[in-house]
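Across the two complexes that follow, chain A remains constant while its partner is chain B and subsequently chain C.
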Partner chain A sequence: MKRRWTDLAWPVAVAAILLFLLAPILVLIFSAFDGGNIFRFPPQNYSLRWFETAFGHAEYRKSLWVSTLLGLIASAIAVTLASLAALGLVRGRPGYRFAVEVLLLAPLTLPLVVWAIALLSIYAQIGLNGTLPGLLLAHVTITLPFAARIMIATLGEIDPTLEAAAKSLGATPFRVFWRVTLPLALPGLLSSTAIAFLVSFNDVVVTTLIAGAGWITFPVRAFSRLRTEGIDPTTIAIGAMIVVFTMAVVIVGQRLLKLSR
Partner chain B sequence: MKPTVTALLVAPAVVLMFGVFLLPFLFLVVLSFWYQTPGSLSLDTNFTLANYARILGDSYFLGGLWTTLWLSAVVTVICLVLSLPLARWIVRRAGRSKGLLIGLSILPLVCGALLPTLGLVNLLSPLGFINGLLKSMGIIKTSLPLLGNVLGVAIGLVQAFLPLMILPLITAIEGIPVDYEKAAMSLGAPRLQVWRRVLLPLMLPGIVAGSLLVFCASLTAFVTPQVLGQGKVVTFASLAYQQAALVLDWPFASALAMVMLAFLLLAGALGAFVTRSLARSA
Partner chain C sequence: MTGSPYLRIRSVQKRYGAFTALHGFDLDVEQGAFVALLGPSGCGKSTLLQILAGLLPADQGEIHLAGSEITKLPPWRRGIGLVFQNYALFPHLSVRQNVRFGLDMLNFTGREAEARVDEALAMVGLDPNLTRRPAELSGGQQQRVAIARAIAIRPRMLLLDEPLSNLDAVLRNKVRLELRELHNRTGITTVMVTHDQAEALATADRIAVMESGRLLQYEPPEALYRSPATAFVAGFIGSPPSNLLPLSADTAETWKLQGGQAWRPVAALSPAAAGVPNGTACLMALRPERLAVRGTGEGGLPARITAIEFVGGDRLVHVEAGGSRLTVRMPAIEPLPEGPDVLLFPSAEAPLLFDASSGRRLESTRH
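So, the complex of A and B:
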């Protein structure tokens, strides 16, 4: 083989692109351990003081709690609705399947800022502005497409003859669902819940427009602080934890899905 | 499964997406033709084109629109150039680490718009990592201005939206049999020829899809431009955000949003046209 350098150039280029993609996230994690008073990288001396400050800060604790609560409820509702719809679409094979799929996946392609501006004005008209139900509705809407896409794919891969076999052996429809369909769909259910939770938990675009003063999530608090006071290390410390958590969920999720295949 | 059961299963999600997602877009159209006197919060519900006239008559808004359009175009091209080798590597060469690499590539997407941007602020700031590294290597004497300008915003948008290009390209390459590449190589085609004559033509639908996603996402991004532009780069979505969230002039914000939507539809139509004419010529 001639031209050895090109064989090396590709991996190097690919590694550089991956590094560019991940560098900001890695930097965020490392600088959270800096003991100094400003946000810097590389860190000068390592310390955990910003993590302590972060957990001692009532405002941050409250916003993290709001984010978690919102993410849990929204992802539970979104995954339930998405799974039911996916079950109907995949097993019922209705003629309107394509139209419904386009509708359910629409938020992935249409701009969320535009939608959030519209939603904000509607909420203001009907008094849902800044309320938990209003915020929940919005978060279910932005997380449902992610769950729907995974659930449609998951259920599509389950062999319907397995269900038919269980049925022909005398199992009731509920038993078929509980003992056959559900266990087979479990990896998809878990990963769609995880992705939905992360999307809800990390959303700034929609939440910052419609959250109001009562239900401020962590990303919204960080964004508004950023505009008024610049970056403070406490935000970095919490941001780093969220990013690590997100990475763990994504990597474990990939493993789970691969094991299931 | 009975049709009624199917309909009952599908109904809740459809009702939600129709009511909460689609209806607001219709309301947006109506609202953009209403008027709100600056400084007050009372709505005049008579039909008027005043909001649109204001956008067209103000060089501030037109300038923002222009900046956003060419910035989005540049970001799309850079994303495409960076994603092509990465996507092919992940599909053809990564082997067992393929799943992990896909997971890592979508990380900026699930981390939300804000957190990776915070890391970028540190990398790009005058006292940040990149400037520090270049100075210690003696390449530059004074810090490069990477933050608070269009360059910084472009870097941030590319980083944030690269996954939107990588994923469709991965799907596209997975659909091309390896044998095509091997055949071209065994007939003596150099690497660039294989890309130009085999891979790129077959990947075009994926390229169009990815470009549309990145272009639309950049056009409507406001968190990244605000943080990395530090208020000095005016993009169209941040103008709309300001009007909606800070000025509380929703009719005007709606008109700005409608303009964004119009450009997105235009981009979508162009993408559909390109894909269709390619399909016909193939």
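So, the complex of A and C:
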């Protein structure tokens, strides 16, 4: 009798944790299909009307577009910078490596609100507030630590003798990069791009403070709507689409990586 | 010898701050020879190999290969095959793609490239249809792939960095022989770095014994064994290496062991003893296989047995004698006298004498 009880305890605990983690997402997806005028769970009548509204809503469309564009550009820049930094730190092994790694992590050490306020006052001095370059720069800065951590770990794992072997077989530095270093760094590049994109896309605090009226991102729009009008089912519908899209990307990415192994 | 040597290393020096890894190193290697760079850790052999490959720049000196200078050439233009100690196989490529890599760099295509890959894999005894990833292979197979990859490009010279050190004992002997056979078949000039003297003695045509960045002796294995130039070489070569018994020169009749004891007329044993000034500290090289252990006899070196190791056909008898620890190698079939106190007798062949401070071999002044 005792054995049976403890056998159940572990799976139950795991199920409870998973439920806790996934419940908000499930609530989100299910209630997006609810036809009512307000957000309610469980959904009572099923309809796609909020998805239709989402596609028709110009404000939301624009904010999604801004978020995506910003995320793509910021992550591209952050990953490039992170890769260059990682190359220098891992291959060069300078004495100041530890100091630089700490510096790269610096933006994460402050509460983002505090950091954003300080940034805002700097921007006001140099006239960058409310501009796209200013917003982009801020996004690159908050995503860089994540990208850097991943790229340092990724490049650190690549055996340097592989590059020496490639050279001895006749590969010029470019060919070494193209045929050895890049393919081996690819998983790291993809995951750091994905994380940088997500961090940028999901950011509310920094963007709220830094972006002017012209560059409202989706989370900022949703959040401001929330405070003035309550939970707008359109937001729920968009949120559900984003979740499904992200999951699809992750699943496809996993399969591709598995195939290439 | 007509013409200049195939590989010529002249005055190569490499320093790291205050530490000199290589002091003005000179070496000549003939075409098609199999040369071993032998020495303990830190002697500079791996540094020299890296410099030969072009992966490390020399501070000074020149290197010539097949008549042209390669000192300043980058590694991808030297046409030298390199086999790394950890194999360095590309994990994201299959076995065949690994072996094909050098051929891709040389712009070989299609059928010709594949034929060369087949040839290289066959030469190292691997199935040409091996399509697995390197991570799925055993250590021995990975090493063969690494060798195949290096020889597929038909390099002008092959460099091996401690090829056997990551293999288990059984595999080591097998691969040792295969390396030699491979060399005989391909005729590629080969330079192998190793710290294992048995490996070097068994496979190389000539061995360059190195210590602290310097070349001590560069001769065929048997010459190194019979006539080591320094005490270090004597004490390094051999399985087990030669015993080095400290002696100090005294009268012509008797020399003193450590601790003041006198021993039999060393002059009779070793002609080189004659010209040595009194009081000189020397080392006498007594090869373990050239010593006999007996219970009684005239003029033997008194010794006390501390341990006996059985090594298959032979026995290694460890003794304390003359204030030092010595080892005797004798056939297991020979009876051992009742220990622990015995007498050691060097065989008829004159043991070599070395100066204890400089390490140089003392030559006979009588002719």
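The rule is simple: the second predicted complex is superposed on the first by the 241 of 261 C-alpha atoms of A that agree within 3 Å, B and C clash if a C-alpha of one lies under 4 Å from a C-alpha of the other, contacts with A are read in each partner's own complex, and residues count from 1 in each chain.
Methods note: a contact is a pair of C-beta atoms (placed from the backbone, for glycine too) under 8 Å apart; a residue touches a chain by one contact, two chains touch by 3 or more.
The shown structure was predicted, so the numbers you read here are calculated from the model rather than taken from an experiment.
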**Request:** After aligning the two structures on chain A, examine chain B and chain C and state clash or fit.
**Result:** fit
**Request:** Quick one: name whichever of chain B and chain C touches more residues of chain A.
**Result:** B
**Request:** Return first, second, both or neither, reflecting whether A:203 touches chain B, chain C, both chains, or no partner chain.
**Result:** first
**Asked** Is A:13 in contact with chain B, with chain C, with both, or with neither (first, second, both, neither)?
**Response** first
**Request:** For A:74, decide between first (touching chain B), second (touching chain C), both and neither.
**Result:** neither
**Prompt:** Who does A:161 touch here: chain B (first), chain C (second), both, or neither?
**Reply:** second
**Request:** Please work out whether A:82 is in contact with chain B alone, chain C alone, both, or neither, and reply first, second, both or neither.
**Result:** first
**Fill in**
Once both structures are overlaid, the C-alpha centre of chain A sees chain B and chain C separated by an angle, to the nearest 10 degrees, of 100
**Which superposed partner A:170 touches (first chain B, second chain C, both, neither)** = second
**Fill in**
Superposed, chain B and chain C have a smallest C-alpha gap in Å of 11
**Asked** Across the two complexes, what residues of chain A are contacted by chain B and by chain C?
**Response** none
**Item:** Of chain B, residues touching chain A in the complex
**Value:** 1, 3, 5-10, 12-14, 16-18, 20-25, 27-28, 31, 82, 85-86, 89, 93, 99-108, 110-123, 127-129, 159, 162-163, 191, 213, 216-217, 219-220, 222-223, 226-227, 237, 240-241, 244-245, 250, 253-254, 257, 260-261, 264
**Prompt:** Considering the complex alone, what residue numbers of chain C touch chain A?
**Reply:** 53-55, 74-82, 84, 86, 88-92, 101-102, 104-106, 149-150, 153
**Fill in**
chain A residues touching chain C in their complex are 159, 161-162, 164-172, 175, 179-180, 183-184
**Request:** Could you pull out which chain A residues touch chain B in their complex?
**Result:** 6, 10-11, 13-14, 17-18, 20-28, 31, 39-42, 81-82, 84-85, 87-89, 91-92, 94, 100, 103-104, 106-107, 109-122, 124, 137-138, 140-141, 144, 148, 195, 198-199, 201-205, 208-209, 219, 222-223, 226-227, 231, 235-236, 239, 242-243, 246-247, 250-251, 253-255, 257-258
